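Same chain, two partners: chain A is paired with chain B first, then with chain C.
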Partner chain A sequence: MAENYSTTYSYSIVTSQRLHQWLKTTLLVFSLLIVVAGSGMAQDVAVGQATATVLATLTVSATAALAFGNVYQGVTSTIANNNASAGVFTITGAASSGIMIFMALPNYVALADGSDRMTISFSSTDASVDTLGAGNPTTMAAGSGFQNINPHNFPAAAVIGAGGTTNIYLGGKVLPTIDQTAGAYTGDIILTVAYTGN
Partner chain B sequence: MITKWQICRIPIKGQHLFTGLLIAFFLLIGHVKAGVLVAPTVVFMDEHKRTGRITVQNPSDEPREVTIRMSFGLPTSDSLGNVFVNLQDSGITDIKAATSWVKPFPRKMLLQPGATQVVRFVARPPKDLVDGEYWARVVVTSQEGKTSLPSASAEGQISTVLNMIMQTAIMLKYRQGDQVAHLKLNGVEASQEDTLVNVIVDLSSTGNASYVGMMHCRLYNADKQEIGYRRFDLAVYHDLKRRVTFPIASYTNSGPYSFELFITPDGRKDIAAEYLIRGNDIEYSVTVP
Partner chain C sequence: MRRIRRLFIGVTLSFLLAAGSTAQTITVNNDLVFGDMFPGVPKTISKYTAGAAAEFNVRGTNGAEVSIQFTLPTKMTKIGVSIQMIFFNTDCAVDTRPNPIQASPLFDNLNPWSTLLYRIGVQGLTIYLGGTVVPRIVQPPGAYTADITLTVAYTGA
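Showing the complex of A and B:
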């Protein structure tokens, strides 16, 4: 019985050592990947002959476009900012930093040849700012930013969330006329972001 | 005494921890993949080093067209202490604007997936430039996230495609000669409205360089217990009013409240120490009427 126990014990030590070795190796690889990914705060580090400068970053991206899909002549199409088809912008940067958000919104979308255009409008409640950075307009929790606000005038108190991410959800409305020309209409939505504290 | 169970358990826990970290890492990478990344968030140049650089990276799966332009815009505020940055492309009258004599290269680029491009800035300041700091905004514009809606090929269909265009405006600072960063506290207005304490801090930069630091705000109840704390990155170029709001719904009838302000150039993590011009500290406290 004692012999059996001893055998099992030795095997466990070997297994443990291998796991430790594996863990060390993978953690080293993981650390290197993080350095390559490099999105952190400014800090110069020098060890021996290896140096690395980590720079503060700011990333603004459109995670999802505001998608009205096909619409019909004379039928207004509205998308709320908490709808799955809402536009989603994602801002990634220094956690809790104050940011200025400005959105330039079109008054109409037009055919590529300019032969016709269609009214698009954004109401004073068509945007939400989600500082939890969930990225899903349908699951934004109350109290995690600013809900149903004016996309023409974002609050000055906007910040990048504590997790380093803020999402902006945008709804809107298109109003095709009864004799709207069929075709693909395009327009630009321009989001500008700047830190207010540097 | 270490038992067999304990010996085996330690690495397994580590393995699970590692797996969790790995998942979190790839979630982070997946998140960053969606946009164009710009670093650093402030560009510093001076009379000895008239070139600067930023790095623009496209971690997404599609090529991105990126344009760079110079603009101007400082953090300013309204009378209520709301802070804004209004970008100006023309009609710039601020004598501290460096917009007209700092040029970016290249100004337009197509970034392939995973590609990184260095954008350089060259300053050609006027010869009689007075000592101090001069400013501009670098606006990086990228276009992505087009809808995948089908084109209206069928007769009578109307579809929309909204191009989502992103702009990142980062600060560029050019330093000439000796620089001084100094901040003056013009006043503090504190008031209580129902379940909120509102404070407006009125500041002016009196040096020839911007004041960059941290603003620490604390609210205390009548027993001198801290019931609220706010911290902000602060940058003052000319004049700035900063509003601070504390909810006190949980602390009603514990007044009179007192507000404590501490502003210091220390504590910034986004700017390397070699680029910080150390200004003065400000300490102030007031009882909320």
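Showing the complex of A and C:
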């Protein structure tokens, strides 16, 4: 009996130790889970966005050259900016956007071989800016932009037309000398246009 | 039994400690919106501009210090093309007041490239971010986007 009693007691101790070990392990895991959960809440990440919409790129093209045609030695020739022979530049871009216009105008035109030059000049009313985009200098309507303005100083309020196009018409004057060499004279007119951001 | 009781107390304390600090949450109140841009014309959005500057709100335990860290993009993209982005070292601001004022934030001209440390206020903490984009003259038209990631964490201080 004593032996039996002793055996039962040992079993009881082992059971209690296992239960204690199990409880200990369970509680430790539980604690770890809480700590892990707690530390997981200690940081948050948010993703915002940067957004932008880029408008149409500006394009500039020389649609028609300022063509004086045949001129005579010693006889000045003038082309008005509303003449069919006026120079035409076409600008396209974002409708109604502000643009800066700068024109680099030549002081002379020259023969291809450079052997002679002919003076060319531009008055303070030789340009027009047509925001209706008709592209025809002879039909520019009053109020459709800026008429008879200085090609050396375009207005700061110039815009791309509501249809996405603006035309510039350019007149000018050539002054051949009395001994001007016969031949075809040319000169570059460089138009630079940039968005103002307005 | 004593050991078990101690363990229970330990677990309970752990639970209380974990539950005692409110988890912080970030809300994106506003994206950084540049709107329409002209090719070749750089555009800057000030951090003071409501509705255009990025605005984040952080909620959490009042008085607890948090670290604020941005992961900033260097370009905005659409398919195949990108626009350069610039964030200057004064483009960020933080306001911990209950009623933050974007036009004159409490902590101004902060560097968004650095980790910032501030304490959460009663109504949380508001972060403002401005930026600049530099489109090329021949920048293809269209909608461009970039992600701005904000990570906020308690420092324990």
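In this text, the second predicted complex is superposed on the first by the 142 of 198 C-alpha atoms of A that agree within 3 Å, B and C clash if a C-alpha of one lies under 4 Å from a C-alpha of the other, contacts with A are read in each partner's own complex, and residues count from 1 in each chain.
Keep in mind that, in the parts below, a contact is a pair of C-beta atoms (placed from the backbone, for glycine too) under 8 Å apart; a residue touches a chain by one contact, two chains touch by 3 or more.
Only a predicted model underlies this, so the values are computations on that prediction, with no experimental measurement involved.
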Chain B versus chain C as contact partner of A:Leu191, first or second or both or neither: first
Comparing the two partners chain B and chain C, which touches a greater set of residues in chain A: B
Partner chain in contact with A:Ser97 - chain B first, chain C second, else both or neither: both
Partner chain in contact with A:Gly163 - chain B first, chain C second, else both or neither: neither
Contacts of A:Gly183 with chain B and chain C, given as first, second, both or neither: first
First (chain B), second (chain C), both or neither touched by A:Ala50: second
Partner chain(s) touched by A:Ala65 [first = chain B, second = chain C, both, neither]: first
Overlap of chain C and chain B interfaces on chain A (superposed complexes): 20, 23, 27, 30, 34, 37-38, 41-44, 55-58, 94, 97, 194-197
Chain B - residues contacting chain A, complex: 4, 7-8, 10-12, 14-15, 18, 21-22, 25, 28-29, 31-32, 34-42, 55, 60, 73, 75, 77, 82-85, 87, 137, 139, 142, 144-147, 149, 151-152, 155-171, 212, 231-235, 243, 245, 269-272
Sites on chain A touched by chain B in the complex: 5, 8-9, 12-13, 15-16, 19-20, 22-23, 26-27, 30, 33-34, 37-39, 41-44, 55-73, 87, 89-90, 92-94, 96-98, 100, 102, 106, 109, 118, 120, 135, 155-157, 165, 174, 176, 180-198
Footprint of chain A on chain C - complex, ascending: 3-4, 7-8, 10-11, 14-15, 17-19, 21, 23-28, 30-41, 43, 54, 56, 58, 73, 76, 83, 85, 131, 133, 135, 137-154
Of all residues in chain A, those that touch chain C in their complex: 20, 23-24, 27-28, 30-31, 34-35, 37-38, 41-58, 94, 97, 194-197
